[in-house]
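Next up: some structures, all given as structure tokens.
In what comes next, subunit A is part of two complexes: it sits with subunit B in the first one and with subunit C in the second one.
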Partner chain A sequence: MHTLFCTKYVFNSLSEAGYGVGLRAIELLSFREKGCRKERSIIQMLNFVRTTVWKSLFGRPADDLQISNAKKNEYYIYDNDPVTCKYISNSNAARCAAYTAGIINGILDAAEFTCTVSSILNNNRMVFVIAFTSKVIARDSS
Partner chain B sequence: AMSLHTKMARLGDSTFSTMEKVNSELLAMTYGALVTTLIKDFQDVKVVNTELEKMGYNIGVRLIDEFLAKTGVTQCRNLKETAHSIAKIGFKMFLGINAEVTWGADARQFSIEFKGNPLIEFVELPEKFKNLDYSNLLCGVIRGALHMVQMVVTTELRKSELKGDPVSEIYVTLKQHLAEKFKGEDD
Partner chain C sequence: FFLGCGAQICRKSPMVYIAIVGKGDVLIYEAKLPGPSSGKVPPENQLQFIVHQALDSLDHKTWSGTSMYLKQVDTFNKMPVSAFVTAGHIKFMLLHSSSLEENAIKQFFYEVYRLYIKVAMNPFYLKNTPITSSAFNDRVRTSARNFFMR
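Our next item is the complex of A and B:
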């Protein structure tokens, strides 16, 4: 019954596991940190993820938040030292960060900022690539 | 014996304070996600219990190094000291909780009792999972760690706060001591 542990399977499994945690995390954090206030814009929501969420889950804010030059719907959150990759070699790090990608995805989806999130290792920094749906982008520009 | 246990409790506290910490709610939710994934993959509660124990074993064989390095504990003179090291130092430094040792039917068996297991925060066991040994990972950790110091043990999650018991209890039975093998030794 053991499935092949190819990259895609591991990534999806971890991501799915993280997604459920994200759904619960946004509930907890909205209640505790924000007094149930709802964020309106993408940038506000991502700043919430970058600071409040990261500080609560990992003890410190994320290292950087950037918007893509090329793709209008892509944003990047950087983490130089993700806790999920602490004892993992670089070749496997992006796979292990899929768990955190899933958490971010769950949080954003639950806050109605539907997106896909993936993790990539770039220059020894972990990058979480957040791609919002066109609906969310359109809503944000209005 | 009394002052040795107090020394161990103090060592557990001081080591705990130097350990790098992680958000306990993140730990609890991550462990929950792990168990949920195992249930999804294997469906059978018995198999999930076994898998959790195996995972724990793999953690334990590595965790013992960190235990020895961070605490400076060298060798336990007997099983009683071993049991108290696990409860007073190990549980404190890795889980942040206080655990007690009670002695078993004979000199080779003991129980570790504890409350406030951080892994079970937010968790409720639904009726159809009443035979799930949710914290079975911890049983494996103990078995793996002791194996690396030449003790073969079996462990069993006898009581669980998730199942309505007032405390959780891991029952440990020493099966045998292994002789340490050194490379190049003639057989």
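Our next item is the complex of A and C:
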């Protein structure tokens, strides 16, 4: 039973499940919370994810948002206490943040900010690494 | 785009044409709705092409502001095409006569947005697939009658 839980397939499925949630979350939250306004730049969009989305899903805004120093297309969202990993009594608990990573991915893809999102545990904080495609970066800088 | 089997007759009945376009220019929903009485109406098989043609200027206008309602993005033979882009970049496009008030169009788009969100929230509805719900169809027609037939 333990080995079944550790396969990559489980976490990919979690990611896909979160993706569907993300697609729906952006429509609903833009309508309810943002008063029918859509975001234009990467920073605005990530702030929307960090505050509005996190508040409605988890009851509090995410802890931090940073841009990578090295790579210009990577952004980090920090979450000190991810809900999806809380009560899992298994060494792979941290990988369950793939669900939230899927949610973020769905939201950004729907808003035409194509990216890949992965979750990494770093210093006891969960980091969501958001890597945008070059097309998005080019559009954002213009 | 799927070609409708429309007749070549140019009807004079008042009409407004709505098309909902998803990602990759996929047509999700289309309908000919009752509208205010005014001039000619293009033949059916041209409707999709007119809307398709407006997509370029719509894309350009989407990224120039944060509001979802983009008033008029294109014209065809003096018939304006108005558009509305949702947060998930689903485009609602309306081909109508120039006598239609902007406020009525805006209210109609918000109403269709509300109805679209209800469809999208359904976990069995895959994004970018055709909307086949008859309730959605009925409610879109009712709101068109409410906003456009004055």
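We adopt the following convention: the second predicted complex is superposed on the first by the 132 of 142 C-alpha atoms of A that agree within 3 Å, B and C clash if a C-alpha of one lies under 4 Å from a C-alpha of the other, contacts with A are read in each partner's own complex, and residues count from 1 in each chain.
Keep this in mind: a contact is a pair of C-beta atoms (placed from the backbone, for glycine too) under 8 Å apart; a residue touches a chain by one contact, two chains touch by 3 or more.
Note that the structure is predicted; figures quoted are calculated from it, not measured.
Engineer: For the three-chain model obtained by superposing on subunit A, do subunit B and subunit C clash or fit?
Structural biologist: Aligned through their shared chain, the two binders fit side by side on subunit A.
Engineer: So, does A:Glu27 touch the first partner subunit B, the second partner subunit C, both, or neither?
Structural biologist: The second partner, subunit C, only.
Engineer: Between subunit B (first) and subunit C (second), which does A:Leu57 come into contact with in this model arrangement: first, second, both, or neither?
Structural biologist: A:Leu57 contacts subunit B only, not subunit C.
Engineer: Per the contact definition in the header, classify A:Asp81: touching subunit B only (first), subunit C only (second), both, or neither.
Structural biologist: A:Asp81: touches no partner chain.
Engineer: First (subunit B), second (subunit C), both or neither: which does A:Gly18 touch?
Structural biologist: The first partner, subunit B, only.
Engineer: I'd like to know which partner A:Glu39 touches here: subunit B for first, subunit C for second, both or neither.
Structural biologist: Only subunit C is touched by A:Glu39; subunit B is not.
Engineer: With subunit A's C-alpha centre as vertex, what's the angle to subunit B and subunit C, nearest 10 degrees?
Structural biologist: The three centres form an angle at subunit A of 90 degrees.
Engineer: Please give the nearest C-alpha separation between subunit B and subunit C in the three-chain superposition, to the whole Å.
Structural biologist: Here the least C-alpha separation of subunit B and subunit C stands at 6 Å.
Engineer: So which bits of subunit A does subunit B touch that subunit C touches too?
Structural biologist: Shared contact residues on subunit A: 20, 24, 28.
Engineer: Going by the contact rule set out above, which residues of subunit A touch subunit B in the complex?
Structural biologist: Per the stated touch rule, the residues are 1, 3, 13, 16-18, 20-21, 24-25, 28, 56-59, 83, 99.
Engineer: Which part of subunit C faces subunit A closely enough to touch in the complex?
Structural biologist: Contact set of subunit C toward subunit A: 63, 65-69, 85-89, 110, 113-114, 116-117, 120-121, 123, 127.
Engineer: Please give the residue numbers of subunit A that touch subunit C in the complex, ascending.
Structural biologist: Residue positions touching the partner: 20, 23-24, 26-31, 34, 36-40, 110-112, 139.
Engineer: Taking the complex as given, what residues does subunit B use to touch subunit A?
Structural biologist: 21-23, 25-26, 29-30, 32-34, 36-37, 41-42, 122
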